[in-house]
Structure formats: C-alpha cells, structure tokens
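What follows is a single structure, written as structure tokens, with notes after it.
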Amino acid sequence: MVEPLLPAEWQRGPRYGGPYTFARVPAGRDLQGVDVAIIGVPMDMAVMYRSGARFGPRAIRNASGQLRPHALRADEIEEPYASLRVIDYGDIEVFPGYIEKSLEVIEETVEEVLSAGVFPLVLGGDHSTTLPLLRAGAKRHGRLSLVHFDAHPDFWPQPADHPVHHGTVFRIALEEGLIDPAASVQIGIRGSLSAGIVGEARAAGFNVITADELARDGVAKALASVHLRARGPVYVSLDVDCVDPAYAPGTGTPEIAGLTSREILALVRGLRGLDIVGFDVVEVAPAYDPAEITALLAANLVYEFLLLLAESRAPNAKMK
Amino acid sequence: MVEPLLPAEWQRGPRYGGPYTFARVPAGRDLQGVDVAIIGVPMDMAVMYRSGARFGPRAIRNASGQLRPHALRADEIEEPYASLRVIDYGDIEVFPGYIEKSLEVIEETVEEVLSAGVFPLVLGGDHSTTLPLLRAGAKRHGRLSLVHFDAHPDFWPQPADHPVHHGTVFRIALEEGLIDPAASVQIGIRGSLSAGIVGEARAAGFNVITADELARDGVAKALASVHLRARGPVYVSLDVDCVDPAYAPGTGTPEIAGLTSREILALVRGLRGLDIVGFDVVEVAPAYDPAEITALLAANLVYEFLLLLAESRAPNAKMK
Amino acid sequence: MVEPLLPAEWQRGPRYGGPYTFARVPAGRDLQGVDVAIIGVPMDMAVMYRSGARFGPRAIRNASGQLRPHALRADEIEEPYASLRVIDYGDIEVFPGYIEKSLEVIEETVEEVLSAGVFPLVLGGDHSTTLPLLRAGAKRHGRLSLVHFDAHPDFWPQPADHPVHHGTVFRIALEEGLIDPAASVQIGIRGSLSAGIVGEARAAGFNVITADELARDGVAKALASVHLRARGPVYVSLDVDCVDPAYAPGTGTPEIAGLTSREILALVRGLRGLDIVGFDVVEVAPAYDPAEITALLAANLVYEFLLLLAESRAPNAKMK
Amino acid sequence: MVEPLLPAEWQRGPRYGGPYTFARVPAGRDLQGVDVAIIGVPMDMAVMYRSGARFGPRAIRNASGQLRPHALRADEIEEPYASLRVIDYGDIEVFPGYIEKSLEVIEETVEEVLSAGVFPLVLGGDHSTTLPLLRAGAKRHGRLSLVHFDAHPDFWPQPADHPVHHGTVFRIALEEGLIDPAASVQIGIRGSLSAGIVGEARAAGFNVITADELARDGVAKALASVHLRARGPVYVSLDVDCVDPAYAPGTGTPEIAGLTSREILALVRGLRGLDIVGFDVVEVAPAYDPAEITALLAANLVYEFLLLLAESRAPNAKMK
Amino acid sequence: MVEPLLPAEWQRGPRYGGPYTFARVPAGRDLQGVDVAIIGVPMDMAVMYRSGARFGPRAIRNASGQLRPHALRADEIEEPYASLRVIDYGDIEVFPGYIEKSLEVIEETVEEVLSAGVFPLVLGGDHSTTLPLLRAGAKRHGRLSLVHFDAHPDFWPQPADHPVHHGTVFRIALEEGLIDPAASVQIGIRGSLSAGIVGEARAAGFNVITADELARDGVAKALASVHLRARGPVYVSLDVDCVDPAYAPGTGTPEIAGLTSREILALVRGLRGLDIVGFDVVEVAPAYDPAEITALLAANLVYEFLLLLAESRAPNAKMK
Amino acid sequence: MVEPLLPAEWQRGPRYGGPYTFARVPAGRDLQGVDVAIIGVPMDMAVMYRSGARFGPRAIRNASGQLRPHALRADEIEEPYASLRVIDYGDIEVFPGYIEKSLEVIEETVEEVLSAGVFPLVLGGDHSTTLPLLRAGAKRHGRLSLVHFDAHPDFWPQPADHPVHHGTVFRIALEEGLIDPAASVQIGIRGSLSAGIVGEARAAGFNVITADELARDGVAKALASVHLRARGPVYVSLDVDCVDPAYAPGTGTPEIAGLTSREILALVRGLRGLDIVGFDVVEVAPAYDPAEITALLAANLVYEFLLLLAESRAPNAKMK
C-alpha cells in the first residue's frame, strides 16, 4: 500500500489550508501499489495565442481545495479515495523554449508510470502536453482510440522548421500511428477555423462533432457516437476550451458559443464503460481566470473522472 | 406612512449617485407603516471556504443602482415602490469570531421587525445568517415550510465544540423544530457532496431536488413540487451558489454545473401564491466577483421578490 | 483594388503581434474599391450607467487577434477576406461632453462612406453611436427596417434639455422617420423596465420580442418574425447587453437572464438573405470585462457578420 | 443643529456596513447649522482618456468605510466630527453628453451651499468639476488663490466648438478672472506635456512646481511657496493623478514618476493656516483601481482636510 | 535529521511546479532535528474590516515559488536551507466563528513546536494569530520583548462580550503579562487612529514609532531604538499593513502613507543580533492583491528572516 | 522622407482611438529615411517563471496612447517626432517552443534594420530578446558596452541541453565576445540570488550595482559609473523588473525593494551623451498588470529614450 506523504492530520484542517496536492491526496513518486498518479505538466511554450498554461497544474490543485472527498450520486462509490489509491506525483520538469527536449522527458516519465501499472491523470499545460502521452500510451497499449474534447481539431499541418505546436498535435499523432482515427471522436469544434482543416480531419477518418452539432443533437447522441466507435484502449484528452468562455474564460484560445458546464459534465460522466488508459485536462491558463472558475471546472472534471475510475474498480488492471 | 429619510431630490440624480440604500429606497429604522425592511447581515465568520460575504450587503446595494423602479411584465404592478412601502433598515451589527453572540443579536433584531408586522428581506452574509431568521420566524409563525435554493443541503452534523457553521444550518433548524421537512424543498444540490448526507436529508423528510434533476426535469416540475408541499408560512432562503459559477462566481463555495440565471429567475417568479413570511439572499462574496455580475444577479432577485410581494398587496397582513 | 497599408509580411507573424487593425485587415481611408469599412466610434458620453465604451473599438480590435481568416461551415466561403475587400477605417473623432456636435461628425463621416458605396460596419461606443448611422443610412436608402438586439428598447422620451442619451435613440429615430416600426424588430428586452415604455414601443408598431419570449419560443421563431417583417434596406444594431452578463459582463448596463452566446450567434447567422445596409456592435465596455470575453464575443459577431456579407457576394451593390 | 438623517445606531455597526455616506456622517440637504457639506459630482464626460470618474464619489464613500472617527496627532482635535458639523449632501445630477448644462447645475448648487455659509468639499468627477466650483466661489469671495495639485496644468487653449474639457479648466478660469495667477501654485506637473503650455502658464503668472522640482527640492519648499503666494480666499483642487500610479492607479490620465503618498499627505497637512474656501478631490476612476488603493488615498486626503478644517474651529466663518 | 517528505527530485523542476510548500522545503510534522517550522494559521475570523487573510498562508506559499535558495549579500551564508533545517509544518486547524476555541488550538500546537526546540515561523492569518503565539512563547521563555511592525497599535480595550479581535491583541498580551512594554517597540503606526489610544500605549510603556516619525527620522534610528530596548527573548510580529498600500494592497485594513519595501526590508535585516524566539507575518489578504505583490513581499520577508536565523547558526539553541 | 502609413487624419482623433502603433507613429517596413524603428518581439518562451511577455509589445503600444507628442523640459526639443523620423516596424515573427530558430530570425531582422542605418528600439518579449540584438549589434559595431537595468544579472551558466533562457543571456553574450564587461554596468540587482553568481559577474569584469547600493549611494553615483566605463558603441537593455513591484507588477520575475519610477526615469535621462546604438525594454507581462501601470511605465521610458535620441540630432549617424 502507498504510504501517504502528507500526514493524516492534514486531512483534518480546513480544505483551503496546508501544503497541498490535488484534493490533498498524498504526494509522492513511489508508484508501488498506486492506482492513479496525478501528474502536472507546467508547460506553455507551444501555445499560439495566450501563454500561461504553465500555471495550470498549480491552479487546478489550488481549486481542488474546494472538493470534498465524497460522491453524491447513488451509482457512485461513497468515498472515491478509499477504493482508489491516488497520489499526486508532482510536476514533470520541462525546458521553456525547447519543446522537443521537453516532450522527450514527459514521454519517459509517463512511460515509467505506465510500466508500474499506474493510471496517468495529467494536468496540463498547453495541448502539446498530450503528444508525449499518446506516444507513451501507444508504446504500451498499441494504437489508441481518442476521445478529444476541444474547440479546435489541432490538426494543422506541421510547419517545416517548427513542427510541434498546440495546433498540430493530432496530425502528428495520426502520422505516427498513435491513434486510430476510425475509433476516434472530436467534440466541440467551432470558431474561425478552416472548413478545409475539418474536412481533412474527417477525410482522415475522425468523427468530428462540431459545437453546433452538439448543441443541435444533444449530449446523448455524441456519447452514443463515442461508444459506437471507441474500441480497445481509449485515451481521453480534454482541452478546457471546449467549454464556452462564460464557463471557462481562463484558457489560451477561447472560442465563443461552446459547451456549457452541464454538457461537459454529462460528457465526462458518459465515458463510463470505456477501457480508458489515460486522461488529461489541458489549456487552463489562470492569468485569464480572474474568478478562478476555469480551474474549479477543471478540478471538478478530474474529480468526476476519478469517480469513474473508482467505479470501474481496478483501473490499473486495464493497463496490463 | 413612512417618512423617507433620503430626500426626494436624490431620486432625481443618476442611479449610480448619492449616499445610497437598496434601489434608493428610504433609509430608516422606524418600522411604523412599513411593509418591507431590507436588512443587511454583514457576516462571514461561519463560512468554511472563501470568506468575504460580509461585504455582500454592500455589493448588493451597489449593484441595485442598476435597477430602475419599474416592472416590465403585464402581470406586474407598474411601480413596485408605490404600492409597497420599503425601507433600507441598514445592517445588523455582528461580532466577528463570536458566532453565537452574533446570531442572538440578529434574532432579536428580526423579532422586532416581525413584531412590527414588517416583512424581513435579508441580504447576507454567509448562510449561518439564515439560522436566527428561522428562529425568529418560527417563534412568530410556528413551524415553517422551507424553500431552499442552494448547491449544498447545509445538513452536516454539528461538530461538538464548534456546532454552527454555514453547512450545519438546516440540520440545526430541523433539530430545533423550526422547519417542517415534509413541507420543505431543497433545490440545486450538487458537487462533491456525500450521498450519505443527501440521503439523511431525504430520510428526514426533505424533498431534495438535485441540480441534475432540475436540469433533466425542468423548472416547472420543481415549482410544482414546491407548491404541492409548502403549506402555512413559508420561508425562502436563496444561497447564490445555487447558480452556476459562470453566472455567479462571487460566492464562498461555488459548484460547477449549477442553475442558469433564467432558471433561478423562473424559480423565484414561480413562488407567487405562497404565503411567504421571510426571504434571504446569502453568500454573495464580492471579492470573487470581478465583473460584479453576482451582486447584480442578487439585486435583481431581490427586485423580482419585491414585485412578487407588491403583487400580493398587503404582505405584512400575512404575518399576523 | 485597395492598397494594403499594413505590409503583407505582417500577416505572417503571430496573431497577437503587430500594429493592428481588426483581424489584421489593411488600415486606410481610401474607399476606392472597398466593400466594407470597419469604423470605430470611441464614444461613451451618452451612457446612463457605467462609462467605458469609448475603449470598445480598441478592445474589439484587440480581441480580433484571436480570429483566424477562415470559415468553418460548408455553406460559407473558405476565406472571407479574399472575396470581401475589408479595411479598418480607424476611429471617428468625437468630442466628450458635446454629444450633438459629435453625432454630426459621425453622420458626416458615415455619409461619405455610404456615398462611396462602402458598407459601414461600426464598432461602438455607447448606443447613441447608432443615431447618426441611422440618419446617414436613411438619407441614402430611405426609411430603414431595424433589427435591434438589446436588453433595452432605448425608447425613453427625450428630456427637454438633454434629449440624446443612449436610452432615447430609437424614439428619436422613430420621430425623425428614420426607421419603419412596422418593419422593425427588437429582441432581448428585459429587466426592471417600465411595461409602459415597452407598451409604447409596441403601440408605435415595433415587434418587441422580450428575452423571456425568446427563451420560451426559441431563436427560429424570432428569426421568422424578422424575415416576415423586414423589408427594403435593413439596419442591424447589436447592443452587446442583449447577451447575459455571464457571457458579456463588459457593458454599461448589464441585465441578468439574457441571451446565451449560442442564441446570439444563431440570430446573427439567421440574418442571411436580408438586404442589410449597415451594422453596428455597441456598448462593449472593457473596464468591466476582466477576462476579455465580451470583446471576444463582439469580435466573433463581427466576423460572423463578415461571413454573411461575403456570402452575399457583392454587398456594396446593395447600397446603390 | 443638523438632524442626523442616518439613525445614530448605525454608527455602532461595522464600518463596512449600513446604507452609507462619507465616513457615515449624516445624509441630508438641510444646510442649517452645517459646517461642511460633502458633495459628489458623478461626472466623467469631459475626460480625454479613460472615462470612469463618474463612479469616483461612490468609490471614495465606499473607501471611507475604512476611516475611523479619530485623529492621531497631538496637534489635532481628538474627534473631528464632534467639533465640525459635516453632512453628506449626496450627488449633484449631471447630464452625460451635455457638459455646459451640467456645469450650470453644479454651479447653482454650490452657490446655494456657499450662500448658506457651508464649506463645499467636493468629490469629483473629472477635472471639469472644478470649473463651476471656481465660478461659484469667485462669485461669492472674489478672485481666488488657487492651490492646484495635478500632473497636468490643464491649461490647454479651448477648441472652438468643444471648449470645455478636463484639460482646459484653468485656462478658462484665468480668462474668466476667477483665479489670480500671481497668488496661485500648480504642483506635480510632469509627463509628455508641451514645454510651451507650461511656459504659457508661467507667463500668465502661475507658480508651476513640476514633479521633478518637487522631488529635487522637497515638500517644505513647495509649501513655503504656497504660503508665500496665496492670499485672501484660497481654493484647493487636488487631482489624484498628481500622485504616482503606484499609489493611485485608478485615474483617467496617470503619469509616471509622480508624488508619493507621504508627499501628498504632507502637502495637504501643510495647507494649515490658509483661508481655504473650497476643496475638491477629482479624477478617481475606480474601474482602473483593482485594489481600491486610489479611493482609499482620496478618502484619507478628505479626512486629513476635515482635520485641518476642524482645527481652524469655525471654518464657515471664513466664508462670510 | 529530518526526512524530506517531498522527494528530492521535485527540487529539480520549475519553481512554479510541484505540490508545494514554502520555498519547496520538506513538508512534515516530525519535529526531530528541525530548526525552523513554517506554520500556517488560515484564520480571518477576527478581522474588523476586510476578511480574506485565511488564504494568507496559501498565497505566501504560492509566492514563495519565486524565491531561489540562494543568498545575495556577502555577509550572508550562501545556501540558507543547507545550514538551517526548515520544514513546512502545514496549517493549524481553526474553527471559523469560534475565536477562543481556535486560539487554544493554535497555542497548543505552538507549545509543542517550542517544546521540541523548534523555531516557529508563522504565516497568518489575521493579527489575532499572534495572541496564542505570545501565550505559548511567554509560557516557555517568560515575558517577551515585542518588536511589532504595524499601521495600528492593536491596543483597543476589549469589548465586554466579544473581547478578542485583531485590534485588541496587544492590550490583552499586556494585561496577561506576556510582553514587557518597556522592552517593546511598535513601528509604522498611522491613519485615522485615536491619539488617545496611542497615548495609552505609550503610557503603558511601549515605544511607539509612528510612520511619520519613521519617515522623518529614518530606519537606522528606529533600529537603534529596537536594539536599545529589546532584552531577553524577543518576539517579532509583522503586520503587512505596516507597508504602504502601493507595496502591499492585499491586506484587511490598509492605511496610506506607510513604509516602503526598502524600509521594511532594512528593518527586518536590522534585527540581526537580537535573541529572537518567534516570528510571524500576518494580515496578507490575497483577494485584494490582484498582482500578487503583497504575498511576494511577505514571502521575501520570510526569506530574509530565514537568512537572519541561518546566520545566527543555531537558532533553536536560543530557545532552550 | 518616410511616407506615413497611417493617414494623417488619424493624428487628429482621440489618443485612445484608431488602429494603432506606438504613439501613433507611422507603421511600415520601408526603412528609407527612417531614424528609429520601434520593433516588437512578442516572445516569452524563455522565461523561467511567469510567462506572458509575448503580449508586452501590444501592452506598451496600448499604453503609449496616453503619450502626447510633446516634451516638457526646457532642455528638450519641443516636438520629438518632428526632428526624429520614427516608424513602428511591427513585430518579428517568433516560433513558440523553438528558441534558437526564433533568435536567428530576430537577429536577421535587426541586422537589416541596422544595415539601413536605422536605430532599433525594441519592445520585448522576455529577456532572451536581447541576445540576438547584441549579436546583430556586435556584428555591425564590434564589441559593445552594455548598460543593463535589471533585478537579475542573467548570468547563469548554460544548462547543457537547453542553454538559452532569460537568465543566461549575458553569460552567453560575454562568452561570444559581444560585450566588453569592463565597459559594462548592471544596475538594480537584488533578491534571492546567489552571491556566487554576482561574484562571477564581477570577476568577469562587470560593474554590478545592486539595488541596495543604488538606494544607498543614489542615482547620480550610478550614472557617474556608467559614464566612466561606457566607451564606444553602447547597448542599453532595460528589464522592467529593475523597478519595484509597486511600480511595475506586470513582469515575469518581480523582486521586491527595487527602483522607484523616479529613479529609473532619472537613470534613463542620465544616459545622455553616450553613443547608444540599440535599446530594448523587456519583460512587460500584461496579464499581471491589472491597472496597466507597468506598460505605462515602459511606454514612458521609450518616450524618454526617444527624447534623448531626438536631442542627439542624428542618431543614425552614430551607427555608421
């Protein structure tokens, strides 16, 4: 069993107090007996508009102070942290200005986590965070199904001499064979994007559900599509800009007319039953989040995801 | 008739000007001939996360500068402040750090107001504000029906040596026999709460309508439930965190995926016909409300409530 | 063809960079061969609550840095700025404290723009911005149909010695015969308004669709009403306070329970097919927009409107 | 004696509570027996850069909640509000967009106040606030000495068709013979101003002490100059932008390298002994004052000025 | 030796990353071999104006991410954390609304820390934080010399039924015999305080150096006074409001014309040579600190204090 | 002569209006006949703490709207933009995540500017901005004297696999022989830095004047040192964090107890007489500048620098 690094008595104090980790789970890097490792990637060097997501992990941990260690709904286990051994692994060191070197280090770290049979739950960072996670995940599990919540398809072709940025991630992942587009869904796409680029994503096999289509057809239909397509190991990547700026202003490239908090919550909860092997929440940029509601949303989505993992009992069994 | 303490000429100036009261109603403590007293409770000592609600009354008064003294809908009286004699009673003195002493003072003040046949419309303060109001109300009217809008049931058991905080209020009210759970409804419950605690509230007799249930079943069904259950004198307590943080970021313990402003407006308007004897809006914390939209929402809900009282003509008759 | 004042190489840099214009279109005042002139009116002297809209044009231009020059939907042209020759005309000089002198200057400038067969797309400024635009428009095109998105009818009678303010604009326009009320629609009306004033607007012939009615009956019905009524040249005025403060906090007189971003987007898109001769977005007040989401919304609505103009091919033909 | 309009019991509650006036002095417009009337002018229509000073009086009143009714220094009277009968007169109505009409109304009101032998202590508003105060003051007292704290001389020539703005005030005052330049001092001038304009002010007779000169020569020397020149009735106008933006960010046209809070405090305290007949604090723009330190500074300067008046015993005697 | 609870590899990552403690020192409650325990007291229930200091410890820890583990000056040891064994003890649980119960718990905890020979370095919390620290300190060391940096003497008489608030702390400490006024100095006093209260503090024996006196006479003279008076064990309490709001806006009761950052830094550095047995930084209220400069100042003052302790080699020897 | 790209009539409108450039100078990349090119470098990928400086050029241009085109002091030319032909060159494209590629592009661009005999006045960007400027400058002018205002020496050794970050710039510049340490001065150094690193800088020949030394010895002495050492072509690099966070909160790595705005202004003005060949202002991070005072300070320092260049008549002659 994992030894809590934070003394038990700290669980007694006010939730806004104490040297802190996500939801006050123990801090540590000993993966022995651990089910889930919450890992920060404080990186924003690949963002194309507003920087600041390097403070995303810190903001999400801060906001997680508002979480209680309980589960409200009847179909959930009462105490998620009782049945699920969660640690806060801390942040991976990245090297501002050196994106490729940084991605290597992230990939190596996550490989270790996966090798130990531990589920990586990652707090980004800009969306380039996801690329090394897909690389490590595919190395261990083979080609992945992708469930991708985002305002943008992140499917731009790579510029010759600066190929990686937060908008080229899934094109690269496709080209490297990390994800199976026919088993993948992108949800929430909108804004002053090129119809061409969305057309290319669709031509490549992705099921792209735009924000307009989601608003028109509803969450249930989108979830049906996810469950119909996803097969084998599934990776879930949640760019907080999938949500409307009213609900999530604190992000690098907000787009109007996005999802509501109810919709994204229902979508995350609706992932139950998939064989999920990795999860990230990215693009929380606290400098643009004056009332801290974006970080609060992200922290709650992590919590909902933990409930989902707790329910499925032995999540790390899935990663063998 | 009440003598306006604020000279009539101040009603002429810009709405953002003048030494001010809620919506520029007269200031005063002479209850003679008054229908409604707007009373501030600048208290936040019992909040368990973010403090700051002590400035709630000030923020709501400030935001009320945006209100015009008119009523838009055909079914409303044209000039609410003409048919309803409203005063701003000012704030009740509380003693930071001394919750029980503070609750006593609030209770005594509200008892006086009720004794004069005046309707108390209270601007909190954290949710412990409501406890002395229920005590005073029950003393005058007997056991109350409760209509409670909130993200949280505030039904935690009382810790032995610090029993009162903003999360134990309705457990205490139940134990003291102030409210009749079978005639009471809680609306908007959600978040990382214990299913056990909600179960206990339901077992005690409360009709708990979670935010998920409200989103699924709609406002009309919730209101039907309120009108079915509430009997005799009704007390309405509105914790602004029942609303989603996108609409009401400025509060002590925000929870994602809450009500929209349309829904809370429809819910308040739907209270018409009940025999309401007291109303509060609590947990507005302006330090977390950078665009001041939470205070604006609260001020408008007070205004809507005043319209509702004006319509029912002689609200203080109800309090005999 | 229009000579770009901003060198082409600036289009290559980061979207957040460069001396800038709306969406990096060329800056200039040479109207030769131009289809659309984006014109700022940095004026807030006629606002009755919060000032600050004088920085509206600047904030919208800043936020437009987040726009890409693409169009997402299949029914839109791929590159709006390719088929539509758009310039940023800069701002019209106004004289704080001298509203009538200022309105004259605005009117003269817009007359010149219209005379050159160029479509004026105006960034306000408070809502008094619209009055000289209607004057110039009616002078050129005759009586206009008005499509007016707003929380307020702006139909107050004029005070004797200070007749123009942002709440009297459409009463004045009616009295001057600039608009045809029977062909006009007001959408989004709500708040502590006088039922009398709305009644007067309706009695004058306007189709007033309140925010409550829109929420109940939906966007499609409102658009049907617009298309049924509007005839001949149509002027579209969009006060950003038609939207809920959650989506658009940065405005002078916010009103709760307004439109969502999805709704206003659908409404603007639904204007396709009308013979539109002028468009404004007004009342963006950036000092109250800490996360800059109001300006982002406004910038996107301008972009959607440009798509709509691009689709209709030769927009300046309409202004003959 | 003045009847307090705010009940005495409100003085007991928390300083951040209650329907409020400046420092909780009584609200009222009955000038009988009053020594000082604190008057708000919520006007910002004449500002040439950032608007927002219309909320200056409100912000200063809000910040005055932090004042205690005591005096620290031995040379001051212990309880200023005991020896000095101060009321909060509320705000004067102004008409946004109609500067000249607005100035007339302000002038009339202040004339009434002066006629009653009451000292007008004015909370602006932009600096055009001062012009009608000088007009009313000169009408009563004859040509005034001016002590003017500001980053700008506000001495620009008047544009032909929009003569009054916040930068032409003292040129107009000079031309109208309201002030005696030889008896007047301007302190704190700096920034990207024209040397020519400062030269013109000096040529007209003003003693202009730039911020650089103040920093080099010290407060004592500046005060010596004030006491040497000022004769007869003195009007003191304090534009909060005389102070450095670090100490007073919330203003319309901040200039770097201004006075420190210590210096402005020493300057105001150093006015003791002058025959002061009017005082204003202008250009507080709360929308640019996120930590509310500008309003706090202004409120304290008003308090210091009240101490100074209290010390001189019978301030209204001076106005005979 | 103390076992670091935070793995050493976390010291490698970016300073803004990782589950964090003050300056990334190890977290823990094992006092064995520890020199200094940094202890948070997340309490703001006793503040009389703005609440929010409960988030002070969190904000100071967050800001400490900007500290490097080095020492700049020649007279300092190069690596403070090498020669001084520092842990982050976490926060003490307090009970909002129950000030006296809370003070008991704080006192007990600090007694344990002192008993282990560990130096308590406390992050408040409002100023009532200091009372139990003085109680515990005096119990162990006997009557203490007090060096107190503050805008306020906190020397008000205790109200009968709510005796403890952040303004009565040092009166209580005196009455309980915890501090020796003749050996104590208060520095930075100013604002709308009662001359009477300062007179009483002086009459009781305190050396009160007002902010005006400090500005006039300089830091060196104040320090000379401290070194002349302080004898035996010294307790240092630093209310961040001693500093001017320009440098420290984020506090509960800011007062203008306070110390500069240079002055408070020089004052803290000038404490070298005293036999200091406890230190606190209180009244950091992050909700009023939009640019986070107050927390940064506090974090740096803690760091400077650690340098001072490191220099004196064996700080816990002093506590025998 | 340079053709203004912005039409002359835009100079007439309000200073807060218009598609804008620094202080409304013409936009363009035609270097013919130009004296000074203001160049933005919107880069923050090399910052080690808070990112956000990529919006520095935009914020400084926005704030420059508050500048008037005048000069206050007698020893300055009346109209700087008359005697000095200044253009706004726009921003150089950089590639987030690819620092070395980005530095190459910057260097090439600045070489072109220098080749045209135009003075490069650069708005950063994080401090890595300066490295390619020094490279280009040294290539043209030979080894440079450096006048460096900063809280940090930026003299850290280069990590092996990520050598360039904003803290290694001047070590690299020294190693590449771009600057002559014996002719160079660093002013403002402070904070939790390593004495070792400062020692190394001094050992290398730099004259390091710490913030403490500046405070103790004054600006005049520091300037004397600059004028004594600097010889031949001088490059001036001004990191805005040299200033105290009270005056410049909006920066990536603020350090307390820095320079005041008066001091930095006096230091920049004191550079008169040096043979300056390049100037940059870096590390303005607007996301941490809520009242926009940092950008205002930076804009004014650029303006002061332009005055200095204008005074020296033919600045580009110096670059032959």
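Order of writing sets the chain letters: A, B, C, D, E and F. Residues in each chain are counted from 1.
Quick note on the criterion: contacts are C-beta pairs under 8 Å (C-beta built on N, C-alpha and C of every residue); 3 or more make two chains touch, one makes a residue touch a chain.
Just so we're clear, the structure is a prediction, and the values are computed from it rather than from any experiment.
**Student:** Check every other chain and keep only those touching both chain E and chain F; list them.
**Tutor:** A, D
**Student:** At the place where copies chain C and chain F touch, is the share of residue numbers found on both sides over half (same) or under half (different)?
**Tutor:** Chain C vs chain F: same; shared/all numbers exceeds half.
**Student:** Count the C-beta pairs in contact for B-E and for A-E, then report the pair with the higher count.
**Tutor:** A-E
**Student:** Which listed pair, A-F, E-F or C-F, shares over half of the residue-numbered contact pairs seen at D-F?
**Tutor:** E-F
**Student:** Where the centres are mean C-alpha positions, what is the separation of chain C from chain D, in Å?
**Tutor:** 39
**Student:** Measuring centre to centre with CA averages, how many angstrom lie between chain C and chain E?
**Tutor:** Averaging C-alpha atoms per chain gives centres 55 Å apart.
**Student:** If you look at chain C, which of its residues touch at least two other chains?
**Tutor:** Those would be 14, 16, 48, 50, 54-55, 244, 246, 288, 290.
**Student:** All pairs of touching chains?
**Tutor:** Going through each pair of chains, those in contact are A-B, A-C, A-E, A-F, B-C, B-D, B-E, C-D, C-F, D-E, D-F, E-F.
**Student:** Which residues of chain B touch chain A in their complex?
**Tutor:** Touch residues, chain B against chain A: 48-50, 189-198, 210, 212, 215, 244-246, 249-250, 253-258, 288-290.
**Student:** Applying the document's contact rule, which stretches of chain C touch chain F when the two form their complex?
**Tutor:** Those residues of chain C that touch chain F are 5-7, 9-10, 12-14, 16-22, 27-29, 40, 42, 54-55, 57-58, 61-62, 88, 90-94.
**Student:** Any idea which chain B residues touch chain E in the complex?
**Tutor:** Listed in rising order, the residues of chain B that touch chain E are 44-48, 50-52, 54-55, 95-101, 128, 159, 161-162, 164-165, 287-288.
**Student:** List the residues on chain C that touch chain A in their complex, please.
**Tutor:** 14-16, 65-74, 76, 78, 244, 246-247, 261-262, 265, 290-293, 296-297, 300, 303
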